[in-house]
Amino acid sequence: MPADTGLAGTPPPDLAPSSASASAAALSESPRNGTRPLPPNRNRLGTGAWLAVGFLAVLCAAALLAPVLPLEDPTRSDTDALAAGISGDHWLGTDALGRDTLARIVHGARVSLVVGAGATVIGAVVGTVLGMAAGMGRGLLPGVIMRLTDVLLAFPAMIFALAVIGAVGPSTTSVTLVIGLLFVPGFVRIVRAPVLSLSQREFVLSCRAMGMSAPRLMLREILPNILTGIVTYGVTMFGVGVMVEGGLGFLGVSVPPPDPTWGGMIAEGRQVLAEHPMVTLTPTLVLVLVVLCANVVGDRLSARLDMRGAML
Amino acid sequence: MNPLGTTNPTTGKPASSADGHGSLLRLRGYSVHLHSPRGIVAAVDGVDVDLARGRTLAVVGESGSGKSVLCRSLLGLLPAAAVAHRGGTAHFDGIDLAVTGEAALRDIRGRRIGMVFQDPMTALNPVLPVWRQIALPLRRHLRLDRRAAKRAAVELLDSVGIPDPARRADQYPVQMSGGMRQRVMIAIALGCDPDLLIADEPTTALDVTVQAQILGLLDRLRAERDMAVILISHDLGVVADHSDDVMVMYAGRQAERGATRGVLAGPRMPYTRALLDAAPTLHGERGRRLAAIGGQPPDLTRLPDGCAFAARCPRVQDRCRTQAPPLAPVPGSAHDGACWNPVPVPGSADLPEGGAPIPQETQETSRA
Amino acid sequence: MRTLPFPRLGRGPAAVAAVSAAALLSSACGGGSDAGAGAPGGDPRRGGTIQVGMPFDVQTLDPTAPNFASAMDYTAARAVMDPLFAVGGDGSLVPQLALGATASDGNKTFTVKLREGVKFSDGTPFDAAAVAAHYQDIKDKKTCLGCAPRLMSLVSAITPADPHTVVFTLSAPWAQFPEVGLTGIAGLIPSPTAKRSAGDAFGRNPVGTGAFKVTEIVPGDHVTLVRSETSWLADRTHPDKVVLKVMLDTQTAVQSVQAGTIDMMVASQPNQAKQAKSAGLQVQLNEGLSPDGIIMNMTRPGLDDIRVRQALSMAIDRNAINKVAYNGDTKPTTAFLAENDPEQQGIGVPDYNPDKAKQLLAEYGKPVKLELNTLQGSNYVAATQLIQQQWKAVGIESTIKTNTAVGIMQDVLQRNYDVSFSPAFVATTTVDGTEVAFASSGRRNLGGYANKANDELFAQLGAAGDAAAALPIARQILTNASTDIPSIPVVRKTGMFAAGPKVHLPAADAYGVDAFSLVDLWTTQ
Amino acid sequence: MTTRSLLARAGQAVIVLVSVAVATFALGRILPGELATAVLGDTATPEQIAEFNRKTGADQPAVEQFRTWFTGVLHGDFGTSALTGQKVSDALADRAVPSLLLVVFAEVLALAVAVPLAVWAAYRRGKAPDKAANAGSFVLLATPQFAIAVLLIYIFAVQLGALPATGYTPPEQDPAQTFRTLLLPAVTLALGLAAVYYRVLRAGVLETLQQDYILAARAQGLTPRQVLFRHTLRPSLLPLVTLVGLNFGFLVGGAVIVEQLFAIPGLGTYALGAVQTKDFTVLQGTVLLIAAVYVLVNLAVDLLYGVLDPRIRHAR
């Protein structure tokens, strides 16, 4: 593919955002890839995104503090309040086994958030290392890495997850590892493309010429340049991780009971869906909200950082 | 080509001719203020233009001086949400552009006013064969059917000097060289035989040899079709050879204005002087930027009360900082300038000399 | 979610009692001769197609194949092949292909009279030679998972005395031979001609005397059965076609009945009953006569101590489990068989007594930590979580491990488990059937249980000439087992059927709480 | 795309497929449990197990087993399911039809909704309909498939009785019924897909609308319709094409939950069942087929890219 596809190359003088030509920003609705810093309001995410961040933060805090919060035991059944509605004793009602929904959602968050965040970190770290190696490596290495990611992508993900979890047994660790592994190809691709183009830039070439070692070069010169893209993609993948965990929980192959997981709660609640829809709706809503929040934050970040492709 | 001042490329009235009678395009106090993240920007501020058929007006200035905004604003190409205020009047062939609606403007754009963009690499759609890009405005404005439009497209390609036009018509921009793409752009702009052609830095992105050919082509077409041309450029060499009148813009305002020859031979406004100084040779390095002038252009959201150039001006006086100079005839010159302390009348020796003749076009071949 | 590869052992008489009003009014299962009487909604309509959602995939329709296991396989095979005897609601034998069986020689010889004029659907006659060939096949191949092991060990000769009489000669007395050997899976008689020519493919091309013929088997989706007009049951068979649909998700199965996508759904557990009832469907709960329960690996520390096993049983609040995990749709039980079975009556493992449990554990003195494994994605999971809590309440720590059916079977067969609340529990309806679990050399003795007295009692039970002689022996075995507690019964196995108003629900087959005979299924006018 | 790069891509595809075959084979070997017990049950004697292993080749070294299996695959023989006795190639042929139909249906629905909506929303950027569509796409993106499926069944099958809740009718029996049975599951998949496609295409259109050639097109006086559909749509479609291809490959066999909830006999449930019953022959064959579909679709996407984007076709 030729380089002059209109996305790269020198911006036209009148369109290049410069500190003085604010007209540029107004002229074409958003600036093209300029080299100078964006206007100083780049840190503003907007109200919606801050609300999303707030919700995620509260949930994280609640999950972290769950053992010391005045919550009921999420595994204890109140046999006098089966699938009960909202009450003073049970703020979000109870499930079909009479367990407090609020406590289960908060404790379930420990699983969902850990899996979502853990899988994302695994995918990001492994994917970034492999992606940089694929982008900058020489000889057979890039080809081998890319074929490996192709193999992983071609493998049906759900079947892969079910088989591996079936082999090693369901636990927070195994679920996190499997989902993290499934995330690797995405990060490899997100990282490799900019690394490929960065590695041809002058400053990188000159660093190489000066004999900087490859790992050092990657860490010092390349990584800072692609970190924002990784973080943005990661935020979105966090939501995906939470959702995948929910799917596995729904199929009954996530963290084993009685530890609550959102997917498991939704699946268990389906048994009484007709009479007590709240038992399954409440965890569904929480799951949707969390993924929604992650998506909103990721989207706003990518818009701010002009990383439109990252939402893929 | 001749160095400035030794021959007279054109004759006729300067753009600043007082009455503006017979003007195809006539602007009076034309201003465009834009929203920006940091406030309202006076991108174009109080510009007067008179342009007659068959003549070329060059608009010169640094990045962000308002040249492109001016042209795009005239065609209604600025996003409506971005425009905070439009002032003054703008008449095109008697039509008041300020009150013309978007639909009516669409009938003018492409039909009566053609536009050529700076970068033929990006201004052509990469995924459409060139004939379809030429044909679309023909079908829209001239109601040609598909076959007639294709025939016309091939003829247009021929008329802008593209060899083997029938074959080239089916190609994609990626298969063409930069010069050839700019010829395609010109063919598109000329398709409906417009009265006015706006060429926005048409050669900046091209090799120096190709530049001359494209500019020559524009000159020829202008003469053949009796078009008016607005040539936006920062390359004073280009301006000197291919325009009748020149308007130098700084921070959205007119800094100096008049017959090209007179202005370039005897710039009075220090900014124009600086521009000339920054261009060592007429056919020097391609892409040499005006940023060679010391200092930064002013913040357009907070223009000083005085002269916008004061902060960078070597001839700055106290008055310059408090009071904006009006555009007025400069004593001792045949053109107008906006300066309290004009450069003394220069000798032609100050002008840079351009020696070497431009080589003939030899490079324009397809890449594909 | 998938087929449970657990063999359904010890199918004796009266494995299932249907408990809904509709089912109580209907006839004894199996025969179908007068099953229309009292059915809701009027007379049977002849013709039409009935679609039934089954909770298992189809694997094979050859009853003697080792992977013949699920209610899906059984229900389809039962429609194609008829048994010699069906089992009535009261446990009596209901003549099908056999008209009667008489014991002689101290329960060592059984003479079985066969129905005349019956043809297999391939046109070959059903006769004594066919029956003999079938039982000889079971004996030779030894792979029939659903057949009682004694069929292979005790039956020494099968002789066609005349075209419609078969004589079984046993090497030792076996009073219940007709109830165990001539019913259920072993009793289903295939066409020997078809079986010979099809070989291993018989499971996909079964031929029998039944009311239906298989026209299509699509694993993962459905089995299509059409009425066999040449069958001896053709006049009593109402639908033209029955499609058994694989519908692993029981909730969407209920919704499919509601939406009219299918006519009837089958579930192995009662958990969708409430939802189906509130949706206005006919619901029939099929209460099995055997329990679901917990098996224990008695070689593990703690579980080797009788006090701990007693405490485990006493810690379980079976009423609460029935109420919470089963919505009150099953019955709590401490019995290995049905409580009102004469062999069982008054005998049971220790019932709920948490204080005593704590006391026993205190006597034991060491902490008890167990891994409690159960079937993933199933309704066992809810009950398992309650059991875990109840154990925790008396001081027994346990962690739950969910696994697939195959995974559980692997674990328990390799004795690689502590306790398991899963289909690994040996559900049987006769003391005879418990031998595999309670005899020290029993094939399904998965916890290392050994009681010499019981081993001897099982030998005596086999030799006991008649029911009266067997009863005290059987009761002694159950008493011993209830004292030793090698496994803990918790609730009755209960399945359910649900259907729209126009469907006559069949009674559950003796084979299981989720199987039935298609002859008993019809739509009303 | 030149013949040479095409050959290179095809070569990569072959490498990927062989690797997938090896990986599946290895995965089957690490799963706990053995097929013999699953098939023969616990009554099996050691002799029976040995006989079974001899018959299925399980007594051979792993490399030899793989060689035998893979040679068979190359000849179109995927082996026989030890559990059901069904030929795996027959089963795959049966199972692939509903899976492919479902995914094609879902993709068509998703694109039919997402493309016009995205172009319109991008054109009317920031207006109420754009905001509503954005919010809707966000919520759909965050809603798990199983929740959508449960909701759709409840509304359209149970409450309205308009569509079958579950099941699948092969098209050769009754195409109209095939359509009806696949509609709800296809919509379930399509809603999520449409949300992704909408967002990607909208972003692509916005990106394209900022290109110089769009400004040039507007400067030519073209109508908004011409600008949007002649100049903008095609270049904006490129990222979407990749995504459609990726999802197609991903959903053939990846729609496990949807297939199970709607009782559709597709590849996903087939593979799921194989995992649960340790039916390795089935698992290997299914995964290989799914991977092959994925790889082929993506190869096709690469080719399509060349058609859609002359910059790639005419690259040196």
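For clarity, chains are labelled A, B, C and D in written order, and residue numbers in each chain start from 1.
We take it that contacts are C-beta pairs under 8 Å (C-beta built on N, C-alpha and C of every residue); 3 or more make two chains touch, one makes a residue touch a chain.
Note that this is a predicted model, so its numbers are computed, not measured.
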{"item": "Distance-to-centre winner among chains (Cα means, whole assembly as reference)", "value": "D"}
{"item": "B-D or C-D, whichever has more C-beta pairs in contact", "value": "C-D"}
{"item": "Averaged-CA centre spacing for the pair chain D and chain B, given as whole angstrom", "value": "53"}
{"item": "Rounded Å distance between chain A and chain B, as computed from the means of their C-alpha atoms", "value": "49"}
{"item": "Between chain D and chain C, distance of the C-alpha-averaged centres to the nearest whole Å", "value": "40"}
{"item": "Chain centre separation in whole Å, for chain D relative to chain A (CA means)", "value": "22"}
{"item": "Residue list for chain B, restricted to those that touch at least two other chains", "value": "72, 119, 122, 126, 174"}
{"item": "Residues of chain D touching at least two other chains", "value": "32, 154, 211-213, 215, 276, 311, 315"}
{"item": "In chain A, residues with contacts to at least two other chains", "value": "2, 5-6, 12, 29, 166, 251, 267, 270, 273"}
{"item": "Complex interface listing, chain A residues touching chain D", "value": "1-2, 5-6, 12, 28-30, 32, 147-148, 150-151, 153-160, 162-164, 166-167, 239, 243, 246-247, 250-251, 263, 266-267, 270, 273, 280, 284, 287-292, 295-296, 299, 308-309, 311-312"}
{"item": "Chain B to chain D touching residues, read off their complex", "value": "72, 75, 77, 81, 105-111, 114-115, 117, 119, 122-129, 132, 136-137, 140-141, 172, 174-175, 185, 188-189, 368"}
{"item": "Of chain C, residues touching chain D in the complex", "value": "1-3, 5, 7, 53, 57-60, 66-67, 69, 142-143, 145, 149, 200-201, 203-204, 218-222, 245-249, 252-253, 255-256, 258-262, 279, 404-407, 409-410, 413, 443-444"}
{"item": "Touching residues on chain A, where the partner in the complex is chain C", "value": "75-77, 79, 82, 96-98, 166, 169-170, 251-253, 256-258, 267-268, 270-275"}
{"item": "Complex contacts: residues of chain C adjacent to chain A", "value": "1, 251, 271-272, 274-275, 278-279, 320, 323-325, 376-379, 381-382, 384-386, 388-389, 399-402, 404, 407"}
